[in-house]
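Let me begin by presenting the structure, written as C-alpha cells, before commenting on it.
Order of writing sets the chain letters: A, B, C and D. Residues in each chain are counted from 1.
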Amino acid sequence: MTEGQRQFLRRVWASVRHAPAGTPGQDVEQLVESCATLLSQRGEVSTARIAADAIAAYGCLNAEGRNAFFDALVNDYSPVAADLQRAIDAYQVDPSPLSAHALHQAAEPPRQELFRRLNTAAGGTQLLVRLRADLLPTLEAHPERAGIDSDLVHLFRSWFNRGFLVLQRIDWRTSAAVLERLIAYEAVHQIQGWDDLRRRLAADRRCFAFFHPALPDEPLIFIEVALTRRLAGDVQSLLDPRARVTDPSEARWAMFYSITNCQPGLRGVSFGNFLIKQVVEDLSREFRSIRKFATLSPIPGFRSWLLSARHLMSPDLAAVSLDNFEQLTALPAPLPEEIRRLCAYYLIREKRGRAPLDSVARFHLANGARLARLNWMGDTSAAGIASSLGMTANYVYRIAEVETNHEAYATNFDVARSVTDERLAREVKSAKSAVPA
Amino acid sequence: MTEGQRQFLRRVWASVRHAPAGTPGQDVEQLVESCATLLSQRGEVSTARIAADAIAAYGCLNAEGRNAFFDALVNDYSPVAADLQRAIDAYQVDPSPLSAHALHQAAEPPRQELFRRLNTAAGGTQLLVRLRADLLPTLEAHPERAGIDSDLVHLFRSWFNRGFLVLQRIDWRTSAAVLERLIAYEAVHQIQGWDDLRRRLAADRRCFAFFHPALPDEPLIFIEVALTRRLAGDVQSLLDPRARVTDPSEARWAMFYSITNCQPGLRGVSFGNFLIKQVVEDLSREFRSIRKFATLSPIPGFRSWLLSARHLMSPDLAAVSLDNFEQLTALPAPLPEEIRRLCAYYLIREKRGRAPLDSVARFHLANGARLARLNWMGDTSAAGIASSLGMTANYVYRIAEVETNHEAYATNFDVARSVTDERLAREVKSAKSAVPA
Amino acid sequence: MTEGQRQFLRRVWASVRHAPAGTPGQDVEQLVESCATLLSQRGEVSTARIAADAIAAYGCLNAEGRNAFFDALVNDYSPVAADLQRAIDAYQVDPSPLSAHALHQAAEPPRQELFRRLNTAAGGTQLLVRLRADLLPTLEAHPERAGIDSDLVHLFRSWFNRGFLVLQRIDWRTSAAVLERLIAYEAVHQIQGWDDLRRRLAADRRCFAFFHPALPDEPLIFIEVALTRRLAGDVQSLLDPRARVTDPSEARWAMFYSITNCQPGLRGVSFGNFLIKQVVEDLSREFRSIRKFATLSPIPGFRSWLLSARHLMSPDLAAVSLDNFEQLTALPAPLPEEIRRLCAYYLIREKRGRAPLDSVARFHLANGARLARLNWMGDTSAAGIASSLGMTANYVYRIAEVETNHEAYATNFDVARSVTDERLAREVKSAKSAVPA
Amino acid sequence: MTEGQRQFLRRVWASVRHAPAGTPGQDVEQLVESCATLLSQRGEVSTARIAADAIAAYGCLNAEGRNAFFDALVNDYSPVAADLQRAIDAYQVDPSPLSAHALHQAAEPPRQELFRRLNTAAGGTQLLVRLRADLLPTLEAHPERAGIDSDLVHLFRSWFNRGFLVLQRIDWRTSAAVLERLIAYEAVHQIQGWDDLRRRLAADRRCFAFFHPALPDEPLIFIEVALTRRLAGDVQSLLDPRARVTDPSEARWAMFYSITNCQPGLRGVSFGNFLIKQVVEDLSREFRSIRKFATLSPIPGFRSWLLSARHLMSPDLAAVSLDNFEQLTALPAPLPEEIRRLCAYYLIREKRGRAPLDSVARFHLANGARLARLNWMGDTSAAGIASSLGMTANYVYRIAEVETNHEAYATNFDVARSVTDERLAREVKSAKSAVPA
C-alpha cells in the first residue's frame, strides 16, 4: 500500500466515524466493554445496537488504542483452556462424531462469535476488513496475534465466498464513489487522475470488479482489459490517454493488462482466478469476434534475479550495467534477444519449491494459462524497468485447455508445456544443458 | 410444512434442475464423485464448474438417493480420527494458541469446506438450504447425521448474519415470483389466493421481508402489519378481503398480525427478533402518527393445555365440551371471562424449564415485549379455535423499554411484569394462591 | 372493452382519487374553476398544485359530471373566433411565414395548453388518457366534441412518440401490479387467472410490452410469444396451461400469438408496428437459433363474410350451417379444404377501398409481413369459431424483406405476392377468373 | 457558453457519430433525402431506421452543412401556401370547429411531423436539442429561420413538460458521466475539477437536477444547495473546497447558491421555478429542522448600471473608480453602506417595462420569493466584482407566502413588499423622493 492509498483509506474510514476521537484510553475501554456485552448478552435483543457502538468506538482508536484492542482479542477471546481440556478428555473416552463436534466447538475462539455479532450492525463487514488491514502490519512484531488473523481469514473465506460475489462492469456511468477507489487502488499501472481513468473506460476498454453486497461501494478486485486487433506486448501504447478509441467490434483479442486486489484486509482470500474466468466467459458472450484472451503482465522478479545471474550471461551482456536505464533501452543486437532468452529461463527453470520463482507466473500458470510471448521493452516506465527490466509477458487463457493445463501444473508443475512460443522453449531446453542448473 | 407448501417447493426446486432424473444410483454416484473432485482439486481452477455439476446432480436425486448422499456425508466427510488424535497429542504437549488453532482445524469436518465450495456456483446457497430441509426430517431416524446439521447451521449462522440481510417492503408492485411464495409460505393465517393477498398489501397494510442477496426471489421471513386506529384484538376483521381500505395517515397503531419463517432449511437461524425491531424503526420513521406497536398473536398451546387442566375450572366451565366449536362461540357469561383468566394463567405461570410453556409467548417476551391484552373469540377460524380456543394475545413493543424487559426476562424470567393488563395480573396472582401449582 | 375490464379500470382509477365523491354539480364546478385558474395564471407559480386539484376533481365526477366537463371543453376552450379572424386577415394581407405561424397559433384550441398544464402534476398523463377513454364513447352522440379528441390525439402522438417508449420484458418476476393488467387487458385469448398467466410467462414463452415513463405500471401494448420448433397453427395447444415447458434453446420459431392494445384512451396512437419489429430484433439477438418469426392470428371477419358469400360455395358447403359449431368441427373432406380456399380468397381478394377487408390482414401486410399459411380448426374456441370459423392465419416477418413488402403494399396494395403458400395463391388466382368479382 | 463548454459538448456529440465526416455536401444531401423519405413514407414501417440514418448524417455535418440543412427546413417544410389558402377559404364559408381544426392543421409546418419522426430513433431527442443549440446563434443573421425555432420550442414545451421530468439527487454516488456534465455546465460559480465537485456533494451540501427519461445522462437544470446554520451572504466561504463538512442535522437554512440551465437547446423552456419548489418540498421532508430557504444570488447588472448612475452618488463615492477592484474591496465607511443602498434602489426601482431591470431579481420575485438581504463583498471573485460589484442578494422562499407574493407581483409588479429588510425599503423610499426617477 502506497502512502497515497493509505491517505485515501484514512479519508474513507474517517467518514464512517460517528464521533470525534476522545482519548485513546477511553475509547478502547468503551470498545472492550461493548464487545464483552455483545457476547455476555444472553439473548440477542440488542446485538445490532451494541455492535454499532463498538464499530463507532473502533473508528475512534489511534494506533495505540488498536494495539490495546488487539491484545484484548488475544487475551480475552481465545479458547478457554479448561473447557478445551474437558472436551479433549471426553473425546478420548468416547471418540464419537458428537464428541468430535464438541471438541471442535470448544477449540473455536470466542472471537469468531464476537466478529459475527459485530457484523450485525451496518458497517460491520467494513469494520472487520479494516480491522484486519490494521492488524496485518503488526503480526511480525506480535506473533501471538496470528490467531486473530486466522479467525478473520476463516470468516472472510466463508463470507466472501464466490457464490456471494457480484461481478459488475465498471464504466464511465459507474458511481464516482467507486471510480475514485479505482484511482486510489490501481497498483500495477497507476491511474493519473480522472482523464486517464476516462480513457481506460472508453469503448475499446473494459473494466470489471467483484463486489460484495455488504460493501456496495468497495471493489474487492478489479481487472482492466483492452480490446485489440492483435496480441499486445507494449504497455505504454495501451495506457496512452490520448490513444484513438477503436471500434470494439473489430477486436479479436482481449488483453488483461492490469489486475488489482483492492482490500489489504482481504489478503489471502483469493478472487483473481474466479475473476479472470468469469470475464473470459462474459466477453465471449458479448463479442462473437473476440476469441483470444491474454494478459500483458510484468515479470516482477526478473531484474533482481538477473543481477545475481551474471554467470549465465555472454561477456557482452555481462558488461552492461543493469542500473543504467538509458543504456538498456538502446541495447544493440543481439543483446535484447539474449535477455529475452534469459527471461524465459528465469520464468521456466527457476523455482521456489517446485513452483516458478516469479509470483505472476505462478499465479497465471496455476490458473491454467500458458506463457505465450515475451516482449523486450514492453514496459519502458521507470517501474517497469526497475522490476522487469522492461520485459512484459503474455499469458494466454484458452478456455478449452485451462483445466488440463491446470491439472498438469498442479500434478507435476509441468511448466515447459505452458510455453507456446516453441522457439523460446527450445532455446531454454538447450540452455538447460549448457548451464549448470 | 403443509402438503400444499411441499408441492410448491417441489415445483420451485424442479425448475432448478438441469436434466431429467436418471436412476437414483447413477445420480448419487455422480454427485459423490463431483464432491470428491471438489475437495481433491489441489487448486481452485474449476471449482465453480464442478460445483455446478454437483448442484445439478443433487437436484435429480429422489429420497433414496438423498439418503445415500447423507450417508456419504457422514462417512466420508467427518474429521479424520488420526489427524485429530495427532492434533490432540500436539496440544497436550504444548497447549499454545497455535496448537489450539491446529486442533480446531483438525476437528472441523471436511464437510464444511465441501459446502463452501458447493456455494461457489450459481444456485449453491439455495441447494444447501434445500439440502438441510431434506435432511431435517431424517434426523430422528438417523442421529448420526446430526453433524451434517451442525455444519450447515454453523455456515448458515455465518452466511445469514443480520449484516448481510436486506429488509424489503413487499407490496403489490413486488415481483409475482416473490408474492407467490408469500401465498405458499404464510403459516399463521393462510392466504386464500391473489385477491386475498392484494388486500393484505393495500395502503393500510404493510408487509416486510428479509432477503439474502444470494436468494433474491426467496423471502427468508416476512411479517404482515395492519395500520389501525386502535389496538386490534380480532383477527377476522383484519383479514376480511372486502374490508374498506382506510387512510394510513390516520392510523395510531401498527398491528403485527402474522410472522412467518419461510425456509425450513434455515430452522434455528433466527431472524424474527431483528425483523420486528427493524420494522418498528422503519414505520416510526415513515409515519409520525404511529407510535404504538403490538402483535395480534395466537396462543398455540392453550386449548391442549386446558384440556389437561380441568381441575382449575369452575364446575360450569368443566361441563363445557372444548371440542364443540359452535357451543364455544356462544358461551354464556361469565365463562368467557374465566377462560381469559385461565389463559393468562397458562401464559404466565406455566413453564418449560424457567421459560413460558407457550412458544409464541416465549418468543415475544424474550424479545422484550409485554403481554398487554387477551381477546376472547379474537380468532374464530377453525384453526384458531382448535389451537388457541379462539383467544388472541396482544404483545406490545415499546422501543424505550425493550432492552430492560429483555434483561429482566433473560435474568430471572420475570414474566409477570410483562403483563400490562393489571387486572389480569392480579387475578393470576390470586389464582396462584388458590390453585395447587 | 369487456365489462370485466371496465370494472378493473374503475378499480384502478378509484385508487387515484383523493376524496370521496361529492355531488357531481359541485365537483364539476370545482374542476372547471381549477382549469380556468390554470390558464389565467399569468405565471406558472402554482401550476402543479392547481393541476393536482383538477386531477382529483375529475376523479370524483360521475358520467353526468364528465358530460358537463366535456361541454365546458367545447364551449370555453375552442379557438376564439375573433382572434382567428384577425390572424386570417393579417395572413391574407401578408402571407409570410411569420403570419402563417401566428395563424397556426390562433387556430390552436386553448384546450391544448390546458392539457399540457394538467400534465404538470403527478397523475396528469394518466388522467388525460383516462379522459379520452371516457370521451370516445360519447363522440357519436356529441359530434361537436371531435375537437377535444383531435387535441388529445395530437398531444398523445407527441408524448407517446416511439422515442419515449420503453420496451420491457414481462415475466414472472414482473410486478403483480403490471401482471394483473395483462390479465385484465388481454383481448385476443383471455387469460384465465394467475396460473394461466404463469404458464404464458414460462421459459419457452416471451412477453414484451411498451411502457411510457410517466405511466410506469401501465403497459400500453403487449405481445405474447411462444418459442417453438415448428410453425404453429393451433391456438389451443399453445394456450394449454398444462403443456410441458420446452427448452427455448431448441426453438427455431418465435410465434406471436397475441397482441393487445391496453389503453382505450390511446386508440389510434399506434405502437404495434414498432413493437413487433423491436421484438424480432431482440429475440434474434438473444437466441442464435431462432431465425423465423410468424404470427398465429385470427381472421376476425371471415365467418360473417362467408355468411354473405354462399354464391361462392360448392353445393355441399352451402348446405352446411355455419351456426352449428359441432358440425363444423367434424366437416368431411374436402369441405375444410374448400373453406381454406375461400378464406384465402377473402383475405386476398376482398377489399375495403384498396386495402384488404380483414383488419388483421391489413395490419400485418401493411407492416411488411407475408401471409404464409391458413390452418383449419386452428382455433376451436367458441370465440374462434364465431369470428374466424376456426381458421387461423400465419403472417411471417422476414427482416430482410419487410421494407420491400411494405413498399409494394403501400404503393399498389400488391397483396398476392404476400402469399408464400403458392398453392393457395394459384387456387385463388383461378378462383378469381371463376368467380364474378 | 464558454469555449470549454463548447469543447466539452463537441466531445460528447462526437461520441454519437456513426461514421467519419465525408464532404459536407454529400452529408447534407443524404440528410435531406432521409428527411424526405421519412415524411413521404406512406406507412411507418421503417421510420426508426430512416430516422437513425438522418441522425447519423446530421452528426457529420459541419457549420456549412448545417446551414444548408436549416435552409432546407425553411424552404421545404413550411406550410404549403395553397393548402393553407384552401383551409382559410373553407373556414370563411363555414367557420365551424371542424374547419377551424382543418385550418390549424394546414397551418402547422410539416417540420413538426418531421421532428416527431426523427424522434422515433435512439438519440432523436438529443439530436433535436442539439439542432436547436446549433440553430439559435444563426437566428440573428437568418430571421427567416424563426419558424424552425418556434416549431422546436412548441415540441420541447410538450415533451419536456414538468410531468415527464424526474428530479434526481446528485451526489458522489452518481455516475461520472453525469458528474462531468456538472463540471462542464456550472455557469454561476465554476467547478474547479473533481475535488471541488466532491466538496460540493458532501454531507452538508445537496445537489438536485431534473432529467428527462429520453436523456438519462443529461441533466437539464441543476441546483446546488448548502445546508447552513445561518443565512449565508458570503460566496467564497461556501465554495471553499477545504471547508470543514458540518453535520447537516444541525442546519436550519438551505442556501441555494447556484442554479444552472444545462442545455442551450432548451433555452426558453423553463424548469427553474418547478425545480426550486420541488427542492424546497423535498428538503422540508428530509430535514425537520430546516425551515428556511434562501438563495445566495449575484446581481448581474448592478455594476454596469452603477457606472451610468453617477448622478445618484455622493461626491465621495463618485470619486471611486469602479474599475479598480483592489480599491473597491477596501472602501472606507460609509461608502459600502451607500453602495448597498444604491443596490437596493437598482433592484427595486429600476425597471424593464414594469418588471425589475435585474434578470435574477425578475426570476426570483416572479417565483414568489422576497428580497431579504444585500451583502457587501459577498462575492469577491473577479467575476463577482465585475458584474455585481461584489454584492450578493438573498431571496427568501417561504412556502406559505409564495403564491400571494407571486400574485401581487404578477398583478402589479409590487416589488417593494418583497423587501423584508425594512430599513433598506425605507431608505429606498426616501431615495425615491430625493432622486429624479
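In this section, contacts are C-beta pairs under 8 Å (C-beta built on N, C-alpha and C of every residue); 3 or more make two chains touch, one makes a residue touch a chain.
Everything numeric in this text was worked out from a predicted model, so none of it was measured.
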> Looking at the contacts, which chains touch chain C and chain D alike?
Replying inline: none
> At the place where copies chain A and chain B touch, is the share of residue numbers found on both sides over half (same) or under half (different)?
Replying inline: same
>> Counting only Cα atoms for the centres, state how far chain A is from chain C in Å.
In response: 57
> Just how far, in Å, is the C-alpha centre of chain B from the one of chain A?
Replying inline: 40
>> Just the number, please: Cα centre separation of chain B and chain C in whole Å.
In response: 49
> Touching two or more other chains, which residues of chain A qualify?
Replying inline: none
>> Can you tell me which positions in chain D touch chain A when the two form their complex?
In response: 172-177, 179-180, 193-194, 198, 217
>> Residue numbers of chain C touching chain D in their complex, please.
In response: 41-48, 74, 78-79, 81, 84-85, 88, 91-92, 95, 97-98, 100-101, 103-104, 107-109, 116, 119-122, 124-125, 144, 146-147, 150, 155, 157-159, 161-164, 166, 213-214, 270, 273-274, 277, 366-368, 402-403, 406, 409-411
